[in-house]
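Consider the two complexes below, in which chain A is the common component and chain B and chain C are the respective partners.
Take a look at the complex of A and B:
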């Protein structure tokens, strides 16, 4: 029985890989009728940034990015809604590793600088809020493992404010542009660069906050929520 | 004016998600009431605007597709926006009374609720394949968060199962989108359709479409991929179950339907259409049978959703290779089925929540004698059941009548058996609940009486679903509205 299911799964995977390969082969043979990269290059000047990826993420398709940040905030909310205690700073979970402690004194400042650099680099080369946020969160994880107190990670109003900050600022810019008479999310002429920079900065902070909250709030709620119709 | 309405529609749910995240449950409840009012008014306004002036494309950030994202605001989209506003308002109102404010984790219900609403609107209005993916992600993650709320082991297990199914579905859809982008160089659905119609790109690649439809069918819980739905919808709080069954599964179906109607004629085939139709037919029969066999009340309702979703997939065979008139009839039938099922199933889950709250047990046979104590909730449950069975004059009847005519006109008589058997089987499981509730077992007389407002909400939804059959004509006429001449 088990052998049969293994054979079936292998056959399904092979068939899938074959079909996918065929589809990619077919697509590679014929050029796409719409030249989107060309169109992007023509409009890059109007976007306010020099790097095409940042231009797509924060200007041409900023609606997608706004919603993706929403997805991150949802993940953060779902994570902290299961947090066990009022304090996420559980002393049991701390390690007292002297090597880690020595390392983090070197690494944490370095990583903070790196996060800042990645954020700034996003305007004309690969980088930006997502990468910078990930590095920032990683330094947070390191600090937590090393036992540096992080009281702000309690699921209080401060944490929720941090989770929502980037999303809120992005949303305010979007709404302000709609109020100013342009379309939802259309930056006013001349303000694109500073606005994108502000959004990227707060996004970096909030993305790091979401990732860190998910790492820290891993313990699960021990208070019982009975299923409807079952007694507590 | 429409600019303001659009900004309001897109902005309110997202802003309210942030606002309710920052406050506690009671404050969040008050804030939510205000938000619901705004959102219902905006949705009504937009519906009226489209009903009088026709649909339009809305450019986000002022960038045209394919560079930017365009929203497609047509009759069908605003109808679903309005439906969402109605059902979500009812569920939000119900939840504000139903949920216990004393439990600290219930405060997170409100932000997740608003994010879910935002995601639904993204999907109804989306005209860009990747933007639709982002909308699906918003919906799935918010829905999983709502199922898991509280983090109890059983709820977590159901939520993780749901998350895995939803993620696999999303990834299959995303892979299909990537292949489509590689082939056409654009993500705008309208552009892809235009390229296929004028023959710039030779059709013949079915694989990307099949991948996308597979992912979406998994997210819609089409038989035999329905295993994740009953545990998740059964264990969630009743207002959450109502939202999930009434709206969330419809979002992925809506994308599948739009893809099929735009691309199916070029990339699909007869066998694919019939295969999807057969799976839908099996879902109707198997889901109804399992609903009849369940011992827990909410599982009955959840399996009933599996069955009712099956009907929706009859859209695929009934619109492939038929005349425009038959195709239109089938589309109208399916749309009515989506609306009437959304209203009826939300009513059913909310009523089931009241019944469970009243008797203190989630088993069907514990309902003995409840007909004397909670007649309103039981009545709403029954009215919703009448719509699911497809008896006149309900919306369910109008939907099935149109589907019946489309099957006969296209010569696909074999779907008649599905329509008839489905109606009979749904009568069986609804009457089983009724039978249990009318047993006069005088031993138990300690019933909890839920507040009146909890009983009124499902009744309103059930009456709407009942009345839908009478106003089907005007509703359908708005959905069939053409685009403004000026847009492409």
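Take a look at the complex of A and C:
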């Protein structure tokens, strides 16, 4: 019986591997239907930004980015709703590590500047909202570990605003462009760059807020408290 | 030649850390290996000439996910299945 199941599983695996190989063979055999880099280079001038990746993310395929930020916001809300609300302002989380304090004094201002630079750099070189948001959130995590009070992370208006801001502004731009007669998420000519800049800025704040809220809302385990400084 | 050598070492290190993440019995060690894997992955993206993804991987994949996983590991009492601390 066991031998039979092993043989069956092996046969199924081999069949799938064969199908996969066949599909790869077919794809490799047929020529590429469109020349994506060429298409991108031709239309880059119309996108409002100079960096091709940003042009794809925020203009040509901004629908994907809109859905992405939606997923992030939902994940953030789920994380917060699973948290014990007391841990959002838990004074016990403060550490008295002098190294952390020294690091924090040097790193937090640097990281804030870096986040701003990454956001701005997105227009003509690698960078953009996601990277800037992650750096912003990381500096928030550092401040949190140092016990700096961050009132805006308590459940309230500011937290809700911060979480929803990016998605709301993005959606508003999308709907407004749809109502103005153009397609969903088609920026009006001439306004592409300012609109992209506004969207990137609010996205940065929202992404940082979601990531930071996910970290802060993680439950604090009382029993493990003495080991705090050991692994953070 | 030297580029082939570097790429080969990178692939080898990636595979080693990936196996270490999956095979580790200690949750804390697995998370540390995951962070190392994320940083190596960022290097791999740079080698593939995708600096955008490298930035995102380093910041989100290695940095913030690592912090979140460390938090989760601590909450689980990070030696489940391994030796008790």
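One rule holds in what follows: the second predicted complex is superposed on the first by the 185 of 232 C-alpha atoms of A that agree within 3 Å, B and C clash if a C-alpha of one lies under 4 Å from a C-alpha of the other, contacts with A are read in each partner's own complex, and residues count from 1 in each chain.
Keep this in mind: a residue touches a chain if its C-beta (ideal position, glycine included) is under 8 Å from a C-beta of that chain, and two chains touch if they have at least 3 such contacts.
Keep in mind that what you see is a predicted model, and the values were worked out from it rather than measured.
Visitor: Please work out whether A:134 is in contact with chain B alone, chain C alone, both, or neither, and reply first, second, both or neither.
Guide: It touches chain C, and chain B stays clear.
Visitor: After superposition on the shared chain, which partner residues are touched by A:118: those of chain B (first), chain C (second), both, or neither?
Guide: A:118 contacts chain C only, not chain B.
Visitor: State whether A:163 touches chain B only (first), chain C only (second), both chains, or neither.
Guide: A:163: touches chain B, not chain C.
Visitor: Could you look at A:215 and tell me whether it touches chain B, chain C, both or neither (first, second, both, neither)?
Guide: After superposition on chain A, A:215 lies in contact with chain C alone.
Visitor: According to the stated criteria, A:205 is in contact with first (chain B), second (chain C), both, or neither; which is it?
Guide: Neither chain B nor chain C is touched by A:205.
Visitor: Going by the contact rule set out at the top, does A:53 touch chain B (first), chain C (second), both, or neither?
Guide: second
Visitor: Residues of chain A touched by chain B versus by chain C: which partner has the larger set?
Guide: Tallying touched residues of chain A, the top partner is B.
Visitor: Is there a shared patch on chain A that both chain B and chain C touch, and which residues make it up?
Guide: 221, 223-224, 227, 231.
Visitor: Write out the stretch or stretches of chain A touching chain B in their complex.
Guide: Per the touch definition, chain A meets chain B at residues 19-20, 22-24, 26-28, 30, 32-36, 39-40, 43, 59-64, 66-68, 70-71, 73-75, 77-78, 80-82, 157, 160-161, 163-164, 167-168, 171, 174-175, 178-179, 182-187, 220-221, 223-231.
Visitor: In the complex, go through chain A and note every residue touching chain C.
Guide: Within the complex, chain A touches chain C at residues 53, 118, 126-128, 130-131, 134-135, 137-138, 141, 211, 214-215, 218-219, 221, 223-224, 227, 231-232.
Visitor: Applying the document's contact rule, which stretches of chain B touch chain A when the two form their complex?
Guide: 3-4, 6-7, 10-11, 14-15, 17-18, 21-22, 58-63, 66-69, 103, 105, 108, 111-112, 115, 118-119, 122, 130-131, 134-135, 137-138, 141-142, 144-145, 148-152, 154-156, 175, 179, 182-186, 191, 195, 200-202, 205, 207-208, 235, 237-238, 297-298, 353, 356-357, 359-363, 366
Visitor: Under the definition above, what is the set of chain C residues touching chain A in their complex?
Guide: 28, 51-52, 54-56, 59-60, 63-64, 67-68, 70-72, 74-75, 77-78, 85
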